[in-house]
């Protein structure tokens, strides 16, 4: 009865799916939050955990949530520094859904008593002109 | 002693009632919040639950709260994606109460570890001119 | 030893008292909050409860707090819709203390799963000119 | 369309209604909470507000919630000290629904910087014997 | 890709599935919580929403979570008083998984300013003997 | 071993001490918060309690914290209305430390169910010119 | 219009008033909480602030709340160590209202990064025998 | 400068290390909490996330924290139902540190709107005899 | 004006001072909490931070708070495992104030995603006999 | 197995390490928070504790987190007033990582009932020109 999903060993943007936005022309903001993200520290290979918030204004497509979940899972066995995780997710999402705007905030789990949050933002050329 | 209300099987904007705004000409903001909203996922037909926040500045009419409650209930057996729920409620409310401004934020219950909030806004032509 | 206060059966702006503001010319903001307000639903005569926040910048007078408390109590047996309660309190306060600015937010207790907050604002002519 | 309810001027236990408990013989606990209660201070006639928690194990009847709401409203114009409010509600409820056990906690709104909570409990003869 | 689930119009205990408990003989407590439950008020047919907590000590079987989710959904179009909902779920679960102990607490959404929580408990004959 | 401090019976600005700001020319914001403030109601002589927040941008001096503590204590036996307390503290601090900007928010303890917060702000001539 | 209250310079148990408990024979618990208490450190004469919780089961009398407030104020100018404040209030209250049981918890404001809570309890001879 | 740790593909109790408890004979309770645990759902291979609380009273040894961290990581790529995860960790820990008592509570991330917490407990023979 | 305190480089129980308990014979509970404790990890010499809660029932003496503060500071440059810190503080305090009962809970700051709380308790011979 | 780190006795900026920012040209914000900071009061030599928040936009380098942790520890035995701590950290970080912008907020632990937060900000010449 239940589908078996792949367990990824590298970042896999190909699982990301864009769906047509049914109200094309009408601006909405979509905010996606998840506390279920884990990758590896590139030096120690110990796991890092993080809370992710993504906001975007769709243009002609929206991201399919299940595909986003699978995409985020593909970081599970990947070693990568915090600043690169944020830029990598941002770039992959922008390529697939081509939004008007998109921002990402990732709060990484405390390490050595220090909590780190990294944030990045994308504006399409059309949005910048306004 | 108690009135029996209909159980809806499709979105029913006709139950929405506008009442005259008694202080016509004086701007107020009306904020309406409810944690009692449920519709269905269009693919699995499993229920979705959501928290809704509506803000509007009335023009000549305000929405009657009981009628709004009935209207929101009419999504109970309807399969619809998140982005469409927001646009559908926005359009029906604007049509009935013709506000100066109206915004909607809907936070949908967590699915697969992901929480989604969709937001949309309406500005009347008069408001845009300012 | 204790004073007996009147129990009101209608809105009684005459109990409101203005006191001279001792630092006339120096702008301050006064924020008044109370969770002790109740009036009646005009259709069912069932009680409504609300949390009120008032902010104002005094001109030459401030409101005496005990008199404000008595004034708010005078809504206890009055049936009135939410939007009118806000406008009624705003108008009475502005008439008595003639502030530079005054705003009111009233969050009414949940009914049928819906919470409603109504907000209104007053700006004196002098304030608008700036 | 809406029913008009009476506005009480004295405690009215006659509005309380007991309904048969459908699972007679099976113990359940029913916990009822409300932040919408107000009566008057017997000396000053200023309103008191309170948060009420009632717990009971029904015997053969349960209390009808709407009737409980009306009963609690009947304290609205009554002057009564805190300790008496608790005993009065306890006695009226026990008389009507004849529970196995019933307890009441009432937290009264802060006065002069002091918050007061009064609690009382009823055990039926059968319960005490155990 | 996605499975389509039935939309129920009556309580359907037949969807509940028991799975063998792999550590038979070793006591564990399983606590299940969900804020996604809705049924109808039997008099008004208006929806009720509730938060459910189930605790049980399995004997030889545990409940399969997806099947529990489907079972709880089957109350969606059913009119039933609060005290009966609790007893109905308790009886169906006990029949299917035959636990050593099982308790249920259901907190129903606020109505008329009143929140109600109903609790019930089951002990197997073996547990009672201890 | 312990120093004995004076118990004040009137407002005593002379205890306030300014210390040179070591990084003169570099703007910082200093935020000071305390829940330990009490004065008297001028009419009843009953004590008032308050939570104070002070923010300032130093010019050439900063306030010594212990001296500020002593200064705030000097209101302990003084009867004064809320609006005057705020202006009095503001004026004394500005006179001693001559800041670029300074603001005060004082939230007074609930009285008769009403909480009051009074706020005031000072801008030096140099700051206003910008 | 307003009564003037005395400003105390020593602990004044004589202001405490006991009122007859109207439901003599019926056990209730009365819980009194206040965040408005201040005394002085006996060594430095700097003020201490505290949050007080008193619970008691009345016998034939209850404490009048306004008189309790005045009594607590009488510690305002008194230097006393934490452990003694608790025992002093306990002894005075027990002497006046002769309760079946009475307990006090006082949480003193943080000093040097340390928060201290002192608790004491009284049981009447009749209560101890049970 | 940094050590590289292994990435596990199966549960690896051999990494768990016991250290001598220096105060052997003196009972203490050690409570260990972590929000950084993830394994896989055995049917879908989608990740599960959980919050783990372990309490134990050591006998002659305590668990070394870093080794516990590595051990918990070894579930990262393992598919296992909730009830088995709890029993598996309990058994491995008891075998290594031979405590007087040990309990585990694991709260798994919400799935389909349902949160599940599974708890188990171990008592040594000596503890049971008491 | 200010006293200079020593900076310790080893645990210094000699700074602990006991004061006579003025109500000798009357049991009270004293609860002491502080978030200002730091020692070193014995292996890495990196600092550990902790939140400490101490509860005790005095016999003939109480601990002087300032001396306790100094004593806790004396761990600042000491490397010590969590379980030993708890036993060390317990033993030193019991030796100085000879309480009827004393318990300590220390919650250490998160390390590698794991939070640890260690608890220990002392009962005097007299207390054990009861 | 574990590396031994130095225990510092003076501020040691030389441990701070800058790493190349891999996405040079793409603006991100990095927010770093820690509750593990302690220095000494310059007058009493008693420890101060603080919560630090650092935000910066990297230019060509980011700060290595472990090195930042070591740098912050080097304040452990240093006596310094609050305003200077903030400016000292700001200056050292700016010198090493040469960010586009950097801000620091430090909330120091309560002393004498007063909590203090000091904030400072750096803007590079390029950022100011915009």
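For clarity, chains are labelled A, B, C, D, E, F, G, H, I and J in written order, and residue numbers in each chain start from 1.
Methods note: contacts are C-beta pairs under 8 Å (C-beta built on N, C-alpha and C of every residue); 3 or more make two chains touch, one makes a residue touch a chain.
On a predicted model such as this, the values are computed, not experimentally measured, just so you know.
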{"item": "Self-contact between copies subunit E and subunit H, residue sets same or different by half", "value": "different"}
{"item": "Selected interface, B-H versus A-J, where C-beta contact pairs are more numerous", "value": "A-J"}
{"item": "Cα-centroid distance, subunit B relative to subunit G, in whole angstrom", "value": "52"}
{"item": "Distance between chain centroids, defined by C-alpha means - subunit G, subunit I (Å)", "value": "29"}
{"item": "Averaged-CA centre spacing for the pair subunit J and subunit D, given as whole angstrom", "value": "57"}
{"item": "Chain centre separation in whole Å, for subunit J relative to subunit B (CA means)", "value": "47"}
{"item": "Shared-contact residues (touching 2 or more other chains) in subunit A", "value": "3, 35-36, 46, 49, 69, 109, 111-113"}
{"item": "Complex interface listing, subunit E residues touching subunit D", "value": "81-84, 86-87, 111-121"}
{"item": "Subunit G residues within the subunit D interface of the complex", "value": "21-23, 26-36, 58, 62, 65-66, 68-69"}
{"item": "Subunit C partner contacts - residues on subunit E that touch it in the complex", "value": "46, 49, 109-113"}
{"item": "Complex contacts: residues of subunit D adjacent to subunit C", "value": "2-7, 35-36, 38, 40, 43-47, 49, 69, 73, 76-77, 109"}
